[in-house]
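Presented sequentially are two complexes of subunit A, the first with subunit B as partner and the second with subunit C.
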Partner chain A sequence: MNVEHVRAWLYGYRDRLTAVQGLLDELDNRIGDGDHGTNMLRGFRAACEHLGEAASPSEVLHKVSMGLLSTVGGASGPLYATAFLRMSQAWRGMEDISIKDLANGLNAALAGIQQRGGANVGDKTMVDVWAPATECISSDPTEHGVREASRAARQAALNTRQLVARRGRASYLGERSVGTCDPGSVSSAILFECLAITLVEGMEADPWTAQVL
Partner chain B sequence: MNVLHPNPDRFVTDMLDGFVRSYPGLARLQGTQVVVRAQFDRKVGLVSGGGSGHEPAHAGYVGYGMLDAAVAGQIFTSPTPNEVLSAIRAVNQGFGVLLVIKNYTGDVMNFEMAAEMAQDEGIAVEKVIVADDVAVENSTFTIGRRGVAGTVFVHKIAGASAQRGDSLQEVKRIADKVAARVFSMGLALSPCTLPTTGKSSFELPAGQVEIGIGIHGEPGVRRGPIAPLAELVDTLISRIVEESSLGENDEVALMINGMGATPLGELSICARYATARLDDLGVKIYKSLVGEYMTSLNMAGFSVTVLKLDSELKSLLDAPAHAPAWR
Partner chain C sequence: MDGAGIVIVSHSGKLSTGLAELLHQVAPNVQVAVASASSETLGTSAESIRSAIFEVPQSHHVIVLFDLGSSLLNAEVALELLDSATQARVHLVDAPLVEGAVVAAVALQSGLSWEEAVRQAQNARMTPKIAT
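Up next is the complex of A and B:
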């Protein structure tokens, strides 16, 4: 993965966010405050504006992180910003990112998300998606592993529907949070799907998000 | 319900411009969504803030004897760390800065990141996290209670402490003391409408009340039929009494807070029942506030806040303050 691939991943994600903004807002409306899609799209639109100036994968992600930090706010702003910042740090000085490097970056990102937000697997947060997807790529650092990560991420996002939220604003609902997928998990799963589309030949966007509502 | 249609992209910025133009003692920090006092005193700085939609919080509490800066995020969305950092830099007079944070995941993360950035620049920063909402169970497995209307008492009392020249550590001690002694709970009769999307924050069938709401339009912890007002007030007070172990001869400050679309007359009726209930328990009401202090856009409903006082807190509560929304 070179700097062009990283840019393609993020531009692809921004474009998918344009399409799913309403869906993410609706999920968030059911168990939070209804603006996850709006905030993510605002953030990634701003964050993607100056990516052309970045010379390396690490620089691209650093710009994304700073862009998100200064535009998103809420809980998702610092969490996604921390994830990209840690990945950027893990890739410092590298021109070409192998899938093994990718796994290292994702593990650093996951650790950052957990440190900042304090969530564990099963709390109905984005960690529920990042943990299994990162594990797929770590244990199988090949194109196949990246494809499996996308699948695992999607399944994990759908599985959050059954969980009781223990972190974030949905946690105030307790048992009433059951029955709705976690919006941050869905936006995270789309990020892993966009990653696979960038790296895996012949992989295309799947209409799975229709199942989340 | 019909609503005004302000430009959603300009909602916060237009609101802040209108606000500072209406109150000469306030100014907007250029290029930010931070409202500050037009002039700072040589003292510990106090900064609070959070998502917009809670007006008059928090900009309404900027003024002599209260906050030095309020940072406004998008509607119901915590402001970003760099906005909070701008506020910290602006109010720091060399005596350090206290951040008053409501216990919501986003607020805590963004304010803590800003605090770390300010500390890197050599500014002494402390924080108090307000978690007064007793509707939510306190548990080590969750993020704990939300910060709601009780935060206004922290602004007032910590503000008075800073204004009289207390050190940062002393202002923090007093702020923590207020946070530990303030208890709130609210209910809603209708959801709020998000001006950005025009949508309701939740659906509430006719004849139902949502009990234990937060201030971001999130649904409550349970739902039930609308009981007579005396019973609804009783539900809230009972839970507060249970959690605060309020008893005979305790002295309190009481706040009946409207959520945005409840007429003041109805809030006074709530106050009538709340005070009667506290009288029955032998609790002395030292000060009573009725009005809109921490709203949730156009939500209909109210919250009850009780602050347990002692002589130290009473004198700071009585100290003069001049902020648009404190009365």
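Up next is the complex of A and C:
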């Protein structure tokens, strides 16, 4: 994965966010404050603005992180920003990122998300998606592993529907958060899907619709 | 390093500037900087917290007080992005925002150390408002 691939991944993600913004807001409306889609789109639009100037994969991710940090929003901003910042640090000095390097970067990102948000698997947060998806690529650092990560991420996001929220705004709802998928898990699953689309030949976007969620 | 200033992090610009106004009344010589969204949006950003920290003179400690949810996350990210010398003089304090800020400001105004101001802000949580 070179600098162009990393850019393509993030531009692809921004474009997908444009399509699912309303859906993410609707999910968040049920169990949070209703602005996850709006915040993610605003953040990634701003973050993608200056990626053309970045010369390496690490620099691209650093710019994304800084862009996310300067846009105003909820907890997702600093959490995604921390993830990209840690990945950027893991890739410092590298021009070409192997899938093994990708796994290292994702593990660093996941550790950053957990350190910052204090969430564990099962708390109905983005960690529920990042943990299994990262594990897929770490245990099988091939294109196949990347494709599996996308699949696992989607399933994990859908599985958050059954969980009781223990972190963030949704945790105020307790048991009433059951029945709605966690919006941060869905936006995370789409990030892993966009990664697979960038890296795996023939991989296509699986639509996220109100029926699926 | 002697003095200390206060940074108020709030989702609401009106809340943070209103609190700064209140602090100015009780502690006119204490430097207070605010970090929050613009007047049109609610929310916090690490960038605005970082620049508020730099509004306090570099020779001062900075006591950072915050309101809800992402304000702490963003304050932690802002802290992570600072150089280590600045990090050493910035203190994120777990305290009720209004009461904590007022007691910290009063402590600083009366010449107490930043450590004492932090301690009093933290203790504000334990102070009942209605006498029993």
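Going forward, the second predicted complex is superposed on the first by the 206 of 213 C-alpha atoms of A that agree within 3 Å, B and C clash if a C-alpha of one lies under 4 Å from a C-alpha of the other, contacts with A are read in each partner's own complex, and residues count from 1 in each chain.
Please note the rule applied: contacts are C-beta pairs under 8 Å (C-beta built on N, C-alpha and C of every residue); 3 or more make two chains touch, one makes a residue touch a chain.
The shown structure was predicted, so the numbers you read here are calculated from the model rather than taken from an experiment.
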- prompt: If subunit A is used to align the two complexes, do subunit B and subunit C fit next to each other or clash?
  reply: clash
Task: Once the structures are superposed on A, label A:R116 by its partner contacts, choosing first (subunit B), second (subunit C), both or neither.
output: both
Message: In the overlaid three-chain picture, which partner chain does A:R176 touch, first (subunit B) or second (subunit C), both, or neither?
response: first
- request: Determine, under the contact definition given at the top, whether A:L69 touches first (subunit B), second (subunit C), both, or neither.
  value: both
Message: Looking at A:N29 after the superposition, I want to know if it touches subunit B, subunit C, both of them or none. Which is it: first, second, both, neither?
response: first
Message: Just to be sure I read the superposition right, which of the two partners does A:G77 touch: subunit B = first, subunit C = second, or both, or neither?
response: both
Message: With both complexes overlaid on chain A, does A:R166 touch subunit B (first), subunit C (second), both or neither?
response: first
Task: Look at A:T38 in the shared chain and tell me whether it touches subunit B only, subunit C only, both, or neither; answer first, second, both or neither.
output: first
- prompt: So which bits of subunit A does subunit B touch that subunit C touches too?
  reply: 39, 69-75, 77-79, 116-117, 168-169
Message: Using the touch definition from the top, list the residues of subunit B that touch subunit A in their complex.
response: 51, 73-82, 104-106, 109-110, 113, 135-136, 141-143, 146, 194, 196-197, 199, 201-202, 214, 216-219, 221
Residue numbers on subunit C that touch subunit A, as the complex places them: 37-38, 41, 43-48, 69-70, 73-74, 76-77, 80-81
Field: Partner subunit B, residues of subunit A touching it in the complex
entry: 25, 29, 31-35, 38-39, 69-79, 116-118, 166-169, 171-174, 176
- prompt: Considering the complex alone, what residue numbers of subunit A touch subunit C?
  reply: 39, 66, 69-75, 77-79, 81-82, 85, 116-117, 168-169
